[in-house]
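Shared between the two complexes below is chain A, which has chain B as its partner in the first and chain C in the second.
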Partner chain A sequence: MSKKVKFTIDGNEISAEEGKNLLDVACENGYYIPALCHMKGHKPAGSCRLCNVKVNGRIMTACTTLVSEGMEVITEDEELAELRKTILEAMFVDGNHFCPACEKSGVCDLQALAYKHKIMSPKFKYEFSNKKVEAEVPKIMLEKNRCILCKKCIRAIKSKDGKNIFGFKARGKKLEITMDEELAAQMTDEDIQRAMDICPVGTIIKKEKGFKIPIGKRKYDKKPIGDNVEKHKEKEKD
Partner chain B sequence: MTKKITIDPVTRVEGHGKVTIHLDENNKIKESRFHIVEFRGFERFVKGRPYWEIPVLVQRLCGICPVSHHLAAAKAMDMIVGANSLTPTADKMRRLMHYGQILQSHALHFFYLASPDLLFGYEANVEKRNVVAVAMENKELALQGINMRKFGQEIIKITAGKKIHGTGAIPGGINKNLTTEERDFFLKGEENMNVEQIIKWARGALDFFKNYHSKHKKFIDDFAYFPSNHLSLVTEDGAFDPYHGVLRAVDSEGNIIFDKVDSTDYYKYMGEQVKNWSYMKFPFILSIGKETGWYRVGPLARINTCDFMPSPLAQKELEEFRSYNDSKPSNSSMHMHWARLIEILHCAEMVQKLLNDKDLEGTDLVKKGNKQEEGIGLLEAPRGTLFHHYKVNENDLISMANLIVATTNNNEPMNKAVNYAAKELMNKQKEITEEMMNGVEVAIRAYDPCLSCATHALGQMPLKISLYDSNNKLINQKIT
Partner chain C sequence: MTNSDIQEILGKYNNDRFRLMDILLDIQDKYGYIPKKFFNLIGQAVGLSSAKVEETVTFYHFFHTSPKGKYTIYLNDGIVATMKGRDNILKQFSEQTGCQINSVSKDEKFGLFSTPCIGMSDQEPAAIINKHIFTNLTVEKVNRIVRLMKKDTPIQKIIQTIYESDKVQNLIHTMVTDNIKKTGSVLLNKYKRGSAVKKSLNKNPEEILEEIKNSNLRGRGGAGFPTGTKWEFCTKSKQKPKFIVCNADEGEPGTFKDRVLLTNYPELLFDGMIIAGYTLGAEHGIIYLRYEYSYLKNFLQSKLEQYKKENLLGKKIVNSDFNFDIRIQLGAGSYVCGEETALIESMEGKRGEPRNRPPFPASCGYVNKPTTVNNVETLSCVPKIINHGSEWFKSFGTEESAGTKLLSICGDCGNSGVFEIEFGMTINEMLEMADTIETQAVVVAGPSGKIISENEFNRKICFEDLATAGAMIIIGKQRNLLEEVVPNFLDFFIDESCGSCTPCRVITTHAKNRLKKILAGKGTTKDLKDIKSWGNLMQKSNRCGLGKTALNPLLTTIKFFPELYERLIKDKEYISEFNLEKATADYEKITK
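Take a look at the complex of A and B:
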């Protein structure tokens, strides 16, 4: 049996298995920390930088921090809120996130976090990304101008023999997501739907299915992002 | 010394336009033009987008009647996905959305934008030319207008998900049906949202107009009168139908120019001309030619081209309208208001009929067939016939888009109306007054132009009029 460690999150004592990452533990205990690249059960990527928290006063990404004895974690304060909001704003200007005509609107994690952080308009200049839409494969499409380079698809979606279907190409500012057309063409409808659901934005698109869910029935029409995690707040209210 | 008058911006219209009027040495109208001064380029930037995104994307052309663009694009996409017909639920939900749309858009125009022209006249003080002044003068009428518009928007919300820029229509169908609660809200709900009440108010608005007409016959019948051709969609048997039909064009006397033209053949019968002083194109009927092939669209054209209204109260009103015009098409610009009110009544009647139709609660929402490379969707938007034409490449991305919007069709008629009003009000006048310039706007406003849609343009609403002397020197200007 693995060793348990005791520490605090926002002043409340928490006990968890040593070696688990802080983001998962916080989530299991009802503390919502926003993240766009994290998937439970997969090795943390630390790429979106949104899950910044304060550990013993120092800002660190929760997904790449392992819980340890006596650590004092702050998940929410003014400085963290501003930092997260700035990171989100940077993501919006880096790509073309035209929510009004995007079929992921209402189920998009990036959009939901923007609402949660009350982003009305970004303070940075738009980059007006002009990357080619990859639509040559019959059932799946990549709208690269919406990609936030979270690597979730690269890490989670594999072919039957374990090969990567998605990957990065180029470097630096030109870095972009791409897919192996041959492997992508072999994906089942379920695989494509899974890839689309994993994508936190509107980059991976299952072709010809857009806008099937009416407004009012979409994931974040019903509840804001993080609502299902934030149990501790409910307890506090009680 | 010749003079040039510019009205810039034109007010109480959707979008941004200006009028220029040239006067000669004797203050006689030499030339007048209605310019649309903005450009947006929707036809270009939808290229490369996936086809299923288009109905949601192109509706951003406008915030007043986005449903028209949403549905016209969806109709084109129905062709792309090979849906030759829709399920009864999808067809009727889309129709309900469209009737709600026409109702709210017409109510907005008549009560908010145009009613000051009728209540106070074009020579009224500037401070009276708005809906607030209407509310002070005739509270009941203003409130009815507000509630009728709200009703139409609520109908859009239950069919498209949102009052403005929803997502209801998808290629091959619709993404939701009607729930019993949604239906009962309009059939059994509070008075202001009850369809029976809306029908009563629509009839009341017609009575108001007819009463006004009886006292101002010359203004309503003669102001900006000019003969023209008329074009609209009608059903195969000649019924008024704003959602779907065949193209019919008649001349100013009611003689058929063409009839039963399949909407997908529109380009064989119609052309577009470009002029260097406006971003708005000039469409014309090919068989007649550029000079005289222009035509009116919108409420007046629809009322002129159809054989009958498929709802009892609106049919009675049509008969009265026809009888007044000696069973011939009306060519009076101000009769546009009359026709618009008949359409409001028809839409309210059709909404009532559809709300009582069980098909709306069906669950079969989408149909698809063999995919096509080209899709054409036509419908009658509140302001007239709307054409959406797209081509899709082998990767499901748009490779061509052509949009001819209602106001574009009315480009030449609006120019004619400006010319008429300018001649009527300004010819040989010693001084060009602000009231005269407002009179020019009244003529334009009767067409309820949506200039944002027409040039797919982005901008503020008002219009500007300027007066220039023979040396092109600005000597007077009005911005409202």
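Take a look at the complex of A and C:
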């Protein structure tokens, strides 16, 4: 077993195994740090940049930080709140997020985070992204204009022989998600459902199944994002 | 092009996925482009999906998935090229070849493309045509070049005709002038190849590490990290094999000093790599050479062969127990690949996306093995330190910046080229050397650095004051800094971002749009406030240096040239003007 280290999150002492991922440790201890590209157990992507926290006063992404003895972590303050809000707003204008018409409304992490961060109207101008919707494969489609390029699908969804089904194309502003049409056509219904569930937004859509659970009865229609994590925090405080 | 053609190339690299860059480069060299229909075949051979192959192909701007013309002309859209009349040259190429920019002529004879700075800022306007460099272009030269191309003249022959030389062995010098304008005591100076290697092999690696640490040598690639300390991290790692990587990506617009070192003093670099290898216990060296410098590849390769013949490379070099080899890895067009972890990803055949740290390359770098990445100039200092001692090295420069520095001076000056200076020189002294009149601004360290005004010209070039990897772009008073220079730099970062981090991918464009708004006379003080706060956010929240510094052109001009903005903004917090006719213009058009 690894060595245990002691450090603080928002002033409270925490003990965890040395070298564990800070974002996971915070979550386990009841601190919700918003993140859209993190998947426990996978190598961090460090892409969305939402999980920025202050470590000994310096802004760092929690998902790429390993816990170490004596570190002082701040998960929330004014600067971090503004930073996260700005990044969320950037995501909203980078793609097309017309929530009322989206299959993922109510189970979309981006939408839920926007509510949590009280985004009314973004400070950036909308760009009205105009990428081609990829719909050639029989059972699955990609509405690329909603993709936040979190790489979750690339990292988590693989073919039977371990190859990437999803991939990036181009770079910079032109960066977009694509899929290997041959491998995508071989995906089972369960695979596709899993991919759709993993996608934090409404890019990966299982054809004909988008609105199976009615809007209004969906996950974030009932409870705000992070609630399950923070509940735990309340309990600990009691 | 058939499947078996592709298979032959794949076989040459043992179907190794880590050599995907070489495989793709070879395919493109042989067939002109990399058709999408072969992604699957390539993927199957190396064990990747076609989506993964597509990731690499589409990341680099010199890879093409459709025919790019028998003659592929790349013109650089960097600021210096633009200042030197690139637009006229483009117009001429366009008229003569019948190609719009970024397109191919109907008969597929010509392709005309735009690319960022190609490392020829001292002899712009310049072009890369089929990997060959054409410098100091004029309208007349363009006409002659295109005429020869229309007659299907081989590219070497065109170079020789245009630049009036018939010495094939000197082709690289025919194409590109060195422009060494000031030699110095450390780098641009005589060196006997192998001398420092022989001296080093008679010492312990620990002694050499001590010498380098004591010399206070700091990285010349931009960050200025102490080289000895960097090496020490890598010596501590027990894993094998280890790798020494030379960063010859030289992508910062306005920089061309590594080009001059590679052309004239490759022995300094090779010896530096061998000594680094010996010190760290690494047996493999890799030079990551930017695609723009492919014209140097054969030349460097022949020098490496000579090294092998002289037993300076290979097994048991100069009768010691130490083995070392060096190979050259070409890039394929991407600025961010100069960032050391992106460079490692690229060497592994992937898209050049910077890695998250930890882990650091010293413990987990190329193919997850301990790796040290150093700039060409950093490694080239090493043999001199070994031969003359660290105290000698420290006798040049300042307290915190030992030694000399190569500057690539370009832009509005009478004397552009490479200068070896001692750290501590002031910008004023530099301007005098460069033969300038009426300087408005100096871009220190390129777009990612600082744009400074006259008030700062007494500052010193050194790590403790104005740090630079070498680029020094001089902007004369006749230029419109905010219209011409700043947007050009922002476009560069927009195109070159890898796109992973949300702020870097999205916000640079919005900041540029705010500048456009200000330039249109519609700016408010709030726009400036927003730009500053986004700059702060970018600095703090992006993964790599590209995103962290992408708004520097705006931030530093706001800081050093406030009057330029004040003139445009006139202290307005908001503009509440609303023009109904304008606002509904589109509507009127549609409903007409």
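In this section, the second predicted complex is superposed on the first by the 231 of 238 C-alpha atoms of A that agree within 3 Å, B and C clash if a C-alpha of one lies under 4 Å from a C-alpha of the other, contacts with A are read in each partner's own complex, and residues count from 1 in each chain.
Note that in this section a contact is a pair of C-beta atoms (placed from the backbone, for glycine too) under 8 Å apart; a residue touches a chain by one contact, two chains touch by 3 or more.
Note that the structure is a prediction, hence the values are computed from the model and not measured.
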Partner, of chain C and chain B, that touches more residues belonging to chain A: C
Would you sort A:136 into first (chain B), second (chain C), both or neither based on which partner it touches? first
Give one of first, second, both or neither to describe whether A:216 is in contact with chain B, with chain C, with both, or with none. first
Just to be sure I read the superposition right, which of the two partners does A:126 touch: chain B = first, chain C = second, or both, or neither? neither
If we overlay the two complexes on their shared chain A, which of chain B and chain C does A:115 touch? Say first, second, both or neither. neither
Could you give the residue numbers on chain A that contact chain B in one complex and chain C in the other? none
Using the touch rule from the top, collect the residues of chain C that touch chain A in their complex. 40, 43, 47-52, 54-55, 58-59, 334, 351, 356-358, 494-503, 505-507, 509-510, 513, 530, 534, 537, 540-543
The answer for chain A against chain B in the complex is residues 100-103, 133, 135-136, 141, 205, 207-217
Flag every residue of chain B that touches chain A in the complex, lowest number first. 48-50, 52-53, 55-57, 60, 81, 160-162, 165-168, 170-171, 175-176, 395-397
Spell out the part of chain A that touches chain C in their complex, as residue ranges. 44-50, 52, 59, 61, 64, 66, 83, 86-87, 90-91, 93-94, 123-125, 127, 148-149, 159, 163-175, 178-180, 182-183
